[in-house]
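One chain, chain A, links the two complexes that follow: it is found with chain B in the first and with chain C in the second.
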Partner chain A sequence: MAAPALVSGPAAGNPATVVRARGFGKRYRGRNAVEGLDLEIHAGELFGLIGPDGAGKSSLIKSIAGVLRFEAGSLEVFGVPLLSDDACERIKDRIGFMPQGLGQNLYPELTVEENIDFFARLRLVPHSALAQRKAELLAITRLAPFTGRAMKHLSGGMKQKLGLVCTLIHEPRLVILDEPTTGVDPVSRRDFWLILGRLLRERNISALVSTAYMDEASSFHRVGLMFGGRLLAAGQPGEIRALAQGALVSVEAGAEVGQQAAALAQLRARFAQVDALGSAIRVFVDQGDDIQAADMVRQALPALPPQAVAAVEPELEDIFVALLRQRGLARPAQDRTSPPPARRQDADAPAIEAHELTRDFGAFRAADRVSFNVRGGQVFGLLGANGAGKSTVIKMLTGILQPSAGSGRVAGADMRSAGFAIKERIGYMSQAFSLYLDLTVEENVRLYGGIYGLDRAAIRSRLQWISEVAELKGYERERAARLPMGLRQRLALGCALVHQPRVLFLDEPTSGVDPIGRRAFWDMLFHLSRFDGVAILVTTHYMSEAEHCDRLALMYAGRVVAEDSPSGMKNALERDCGMLLEINAPEPQAALLALQRNGFAAAALFGNRIRIQSRQAEADSARLPELLRQAGQPGVTVVRRAPSMEDVFVQRVTALEAAELNARKTAR
Partner chain B sequence: MKEPFSGQDWRLWLRRVGAMTRKELLQLLRDPVLLFVILYGFTADVYNAGSGVTLQLQHAAFAVHDLDRSAASRELAGRLLPPEFKPIGAITDARQGERLLDSGQALMVLSIPPQFGRDLAAGAPTAVQVQIDATNTALGFLAYSYTTQIFGQYAIEAGLRNQGLSPTALDSLARVDNRQRVWFNPNQDDGWFMSISELLNVITAFAILLPAAFMVREKERGTIEQLLVSPLTPFQVMAPKVLAMTLVIHIGILICLFGILEPVFHVPIKGSLTLFALVTTLYVVNLSGLGLFIATVTRNLAQAAMMGILVLAPMMFLSGIWTPPEAMPIVARALMYISPLYYYMNASYGILLKGAGLRTIAPSILGILLLGGAVCGFGLWRFRRQFD
Partner chain C sequence: MNITRINAVAYKEWREIVRDRLFFTLAFVVPAALTLLFGYGLSLDVEHIPLAIIDYDHSALSREYAHRFSDSRYFDLKGYAASEREAGALLTAGTVRAVLLIPEHFGQRLQSGRAAEVQTLIDGTFPFRAQTAKGYVTAINAAFSLGVLADYLAQARGLSPADAQRALQTLRVEVRYLYNQSVKSVWSIAPKLLMAIMMMSPPFLTALGIVREKESGSIFNIYASTVSRGEFLIGKLLPYLAISSLNVLVLWALACFLFGAPFKGDPLFFFAAAVLYVGCTTGIGLLVSAAVRTQVAAMMGTMILTVVPAVLYSGILIPIPSLSAAASVIAHLLPGMYFADIVTGSFLKGVGLAELWPQVLALATYAAALYVAGYLLFRKRTAS
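Let's turn to the complex of A and B:
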């Protein structure tokens, strides 16, 4: 294993520079995709580029990989200035590049082993070296049992791991991964980052990766925040957090819907960044530290008890939004004050009732006795990895798929006998947004209006409402293809709402939308649920979105394995598995080994930080610095971290997978 | 599950189908590539077929290997006249003739033996050799029969001359005079036949490919999912695509008839255009079932297009455009009777060239109805089934 001397993380002094960009710029048809970008990536570093779609990440990444020409500035890779195609060719044998898209660089019909062999031959890997390298990489990625399986039959996470193996087979010094975890479930995502981290450490490789998931930043050594073609900031995750001034305050305004809405309006009058998050409200206060910020919020809400307001640690996404806002790059969410909290009479009536819903495909049971209820005005989240059965449940409830057994009622109609009536009463929005991209905004709304049987007058008034609520004013005659993703998403939501449905189904609705757009989207959903009493069922991969839901159901292998509120799930996790402690050590790799030797076998490295779970959090936080000092690792700090929804998800699913494996072993 | 229709329901039904049809047409209008292909199909493609494809022998190149070099041999070779034949010169070596045939520079080589003229004058039997490149069987056959006829005529005249009779004496001999009356296309202008048959081919291709393309596009972009959860029935999803296609094809036909067939090829449009439009509507609506079937078994536009070609090729071969049914082997002929294009073709030639009325083409319409109905029903059934 790597000795401490081999660890050349950012902490190891003055490291060599692998990539250096100065005033870099890339233009497409006269439009700047990237401009004036300065960046350095050091040897042995895992550098993450974070930013929404269209921020310029891919342009930068492709230019560094030597596959895209650029117009402005200079770019040096391994000290070679990329001035000509010739120069690009000279660096290519030291680079491994994995393009965006699941298994995009692999051949679906070839087996795992054939894919690896193909890339090895392409890269002229000597035959003698290949066998050993292949064995090592397959062992680390745990793909060894699947060498004979065709790539197309692998899961998303496994495809990405295979992609990584193929990218590493010629032992490059720099690997470049363009959004390697998009579309991969949280468990596989975390696994992917752990494997990548280990490979980088053991082989002293540098990596440049991009991601649209803000919460992945903690697993990188350094991150660069990109927006609108510019690098807003670069540094260690902690440094980035310190860039935005102010603090994040969470408010529990009360259980009554009216109370939360009133507090939201009051806060929006005084603060620029206010968002509803499930039953809570998050306020980013631009001045002062935690205590001062909480006091300012309390002053804004004199009616609330002081303990309802508390400062919380901001997510990187909060920081990102705050940074954009403080630098005048983005408009804060606006208050949609219009609808008064006059609720529909039937708002609290059960909107979705699933009772023991089961669906078999041949011998495979895709949904296994799934039961849950969603009230009007409730946002209900269905979480689960790919293939957990989320889509099957949604398809049954929306009437596309007949259940094999069980029953259910949607919007007051029986799903077995009144499938058609259900279709008229529900709204549905899919991952693909289901818009006709070659039609204009107005034409899309008119089409869906016509499909739901609205007459001209009704369509006109709904068009008015949609362009107001979805902030699409001025875009009515624009083709949907030309809209930014955020607007496209809100238009799709508007189309799904054209007939004022009582129940709304959202199937992974926020892929590819930037944080600002996502916030506007959730703001819309919040108003729909709270004021119009619409019941919303949403499935999502983004665990940070699960926080917006009132209730969550976690699905695994077709079953609902847990159902609770987000905070309830987090509390249960801390109860069952202990508190999450984050350790910041000057030499993280050595500290990790020391911890693993001292009884913390499950300690894992996320970027520069070590995480452990502890049942005696108080005692452990106190004794760990001392324990590590004795192991030759002084200067360690330990903080308690509240678990994220992703922690909950990964923990639960991993435990279930382990249990299933054990059961299978005992059965044998 | 369905309640009986009231007036309100009908309005709703029309509104839904109307909105969807409008959408299909808008999408088509915004697809410049597809628009170009459609326009090309109904104009340039038909023009090319009508002006370029001919079933007659024209400018067939021939070389003469004349070992006799007499007045008689020159006269014989001189009987092969343009426009059917085109002399490319004399050769002096039999090998050279083979080479010309091998390289395709000549379709025929005429070899006249020495003594040819003297033998003829002496009244002794003599022979000439014609070598024909029959790679293209139709052309080879035509060259063979033309030369047979021309040389036969020459032999008779030479025989008469030998007997001291003038060629006009032929009239005094007892013989059968074959006088033809060519109906419907008096000049036997291939342009008429080929341009119309190409138009019918183009109609057939678009009737299958357009609905398939419309449908597969929804699959590719994921919009089909949205339609499935909407209160549209499968029929309401499908019918607008067929409607839009039918409208586009009718516009294309008008452009082709009055932009190409009439002004360029002077095709006389004898029958009722309304009848032609009605028969066409019947045909394309029925045939669209095949397109929808293709859409159910393919995942993207490329696959659908390939599959379309696979379906179209045998339909066209077996339609009677390229070979009359009587000349086909029994199995192919039987297959032809189940190709809807065969019936559509009969009806269309009947209306356009012969001025036939409804009564004359009734059997063809019945054929379209029965076969097309089966195809359409099958397509609809497959289409519905994929929703379950």
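Let's turn to the complex of A and C:
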């Protein structure tokens, strides 16, 4: 139990190997899910396997856990070659495995405590040790007040933490977690990574964890990037960033819509990886360093002032796409449609006006005086955790739900009186993509065309348009079920657009789609908003989607608590809470303790790096290396990092939760 | 084998069954409810056949003839019809299932010693019922003509009516029904229902219980842990075996006390054999669960494997010797038939192990084969 607080991380010394894969391959009915994979996981390491759905993460993870047979190559876990079922049994006493699916491996009818007890008895945890372990784990995960609650009544984040407790109750040497954070809101996700990191550190447990969220890479010591059944790269998050040659450049082409579109077309003519991100354009330049790359972009856009172009730090997703492209594994978005000659005249007219929208369900207020405006041609994001009221607002705006108070106009129609008229002017795409999977691409489009009362000629021309814009050419007679997720998503979007709506509602539209597909999807949305003047309202708790929006409204407990552009929200965060500093120390845990002892109580460890928020960033950046050297931790570097949308979300929601808790305490 | 692990699995399973409303109903309510529904609904006795009579004769004798039918418990006289057309309408509407047509001069002809003809129209849509109805008509008719003949003989020869009867009936059949003296079909059906329902309920529960874990992913807790295949299967199946054994008691009580079936055999032998039988059918559920991945597929598979055989191939409706050669082979491959013999033997005949050991041996072999197959098919590492 009492593992030493300071454990040699993977950076120190010569670590033992816990998992070794050589030429690993897994086939399902003749189709390769994973092939030719080499991988090593070291003792004490938190290894993250990152990749989109269908990359082969689960197959690898299950095979390592000894619950899946495989065909090619070899796997060794704790030095035991996994050659047979019997061999696999020999490693299972030292392994804890949590399968995919939020809380799916737990027993809904059993209470929190009964779930834990079941796992403990199954693993023959002695009675004496159980009580103490249970108390510790429940305290760290803050589940102690809920031991008597049936698992089915827990929130997503709590289920996930209970799953972790059950996986750790027999003190395994290696925990294997298959997408533990999928479907959980950002606050709970960050909480989960901090708890996991702490538990693994304190108990010197190695971990193999998979995730589909690229932005979680910084939570790991080392990561492996997977795509299409292959391991693209493995290493520390920083090393991976260095793998793709080149640099990322951000361009502010101007406030006018035409300017951005023109710049986009010019850049796409010269560079392979160009994406619109809100009002900015991101260009990945394959040669040169930051300065050279920025210069090359400036040369391509001579009309722009030089300060509109600047090199920025690439996200892992940018690197991922660049790696795929540079290795010829995927083709990024092309400039597929030429802009129409003239923009629609009503493009800038207000398309969605929510005014003090309120909805009560009994005593519960699901939406509380929600107000915002979306212009034609604007992409507006509604952010919030599950239950924040996003769906209620969408339902009121689409005419499905009557508001208790307040009003709203969509595409010029008052939604209280014009429920049906609204439906003709809006398109709606849900998380589940609402396609008929047994119908072909063409049949799906025809069906939606028929539902909206289009005639044959109109349907034919829309079909043409959809297969062009959604890049579905050649797939027309393919059944929707057989399409890759990215294509399926674009088909669903096409179906939602079949009647040429003026307003488009997207409800968490990109779950399960790989980065390449996601970029193609957002490219399509960009064209819709900029050239066709469609107003787009997106609800999401995927922060990578939020970055694409022109404006964002953050919802909490039914209220809009902040409304701004993405960069405005980030600036506000830095203004209110200070700059984000990332500290790279040779011995991160010792440095963390030293920092916490020296007045940085909120310092936290993400993978190998320590993060703090500082109101005097300049001064702190200068004095921290010296402070840590005096504390016996030399060789420390400090860099300023721009906050991500996820940082904004987590910070804001956590602050609101704390305020609510305080208010409740004082009321008592 | 580790008792703690078996216990852990069994205890968890038990609590899930008791707390999950669907499983609780499936385990404790459905078997008894099925017994009640089938017990009251599935009577093979054909009685109270609705009958209409067309009497063109209107004589004392024709009325007496009609009385023979309306007085019997086999027919329910719904009334007299004026014409064949009217009677035809009643048959078409389903108000009556049989029509008796008594022609003109019926009484006159009989009294003068000549033969008379009576026409009977029987609804043939349900052959079994039609055949039985025809049998009743024939029997009542034979008894009536015997009486008429005896009267005629007595008058002509000056004999007493009883002597005349004896003289006419030189060969009489004396039937004594063994085991089920009043030939009540419920006596035979209620015990066999126990067999049929215990053929269906345990595999449903077991297959759903295991496949539910596959579907949700909680089966990975088992795959990834140190619990052995045997420990898991024992722990998993024990609660279902216990519940099914309890249900045997409930269904036995219903058969005896609600439906009044006699139980003449040795209770200890019967319950031991019943536990062996539910062991067999639980094993069927185990096999189904090895073959499928979703609860819907488990339901379908179990239904095909158990419901049809329980009803058709177990002797509950059709006696096994009356089945076609192919059907008889199928019947011999399923456990229901063997247990049906044990049920009938224990309830109605009062026989025990001495007579029924071949059936017990068949069930034991069956159970052993199912569990060995189930054990071998359950792997802690899956192929996909």
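Definition applied: the second predicted complex is superposed on the first by the 660 of 668 C-alpha atoms of A that agree within 3 Å, B and C clash if a C-alpha of one lies under 4 Å from a C-alpha of the other, contacts with A are read in each partner's own complex, and residues count from 1 in each chain.
Heads up, the rule we're going with is that contacts are C-beta pairs under 8 Å (C-beta built on N, C-alpha and C of every residue); 3 or more make two chains touch, one makes a residue touch a chain.
Everything quoted here is computed from the prediction, not taken from an experiment.
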Partners on chain A (chain B, chain C) - clash or fit: clash
Partner chain in contact with A:Q402 - chain B first, chain C second, else both or neither: first
Contacts of A:R69 with chain B and chain C, given as first, second, both or neither: second
First (chain B), second (chain C), both or neither touched by A:Y428: first
First (chain B), second (chain C), both or neither touched by A:L437: first
Partner chain in contact with A:G450 - chain B first, chain C second, else both or neither: first
Touching partner for A:G101 - first (chain B), second (chain C), both, neither: second
Touched partner set for A:L110, first chain B, second chain C, both or neither: second
Which of chain B and chain C A:D286 touches, first, second, both or neither: neither
Segment of chain C that clashes with chain B, given the candidates 170-178, 206-214, 260-268 or 368-376: 170-178
Common interface residues of chain A - those touching chain B in one complex and chain C in the other: none
Of chain B, residues touching chain A in the complex: 1-2, 12, 15-16, 18-20, 22-23, 26-27, 30-31, 221-223, 225-232, 387-388
Sites on chain C touched by chain A in the complex: 2, 4-5, 7-9, 11-12, 15-16, 19-20, 216-218, 220-228, 379-384
Contact set on chain A toward chain B in their complex: 398-400, 402, 417, 419-420, 423-424, 426, 428-432, 434-439, 443, 446-455, 479, 505
Contact set on chain A toward chain C in their complex: 28-29, 62, 65-69, 85, 88-89, 92-93, 95-97, 99-101, 104-107, 109-110, 114, 118-119, 121-124, 150, 166, 176
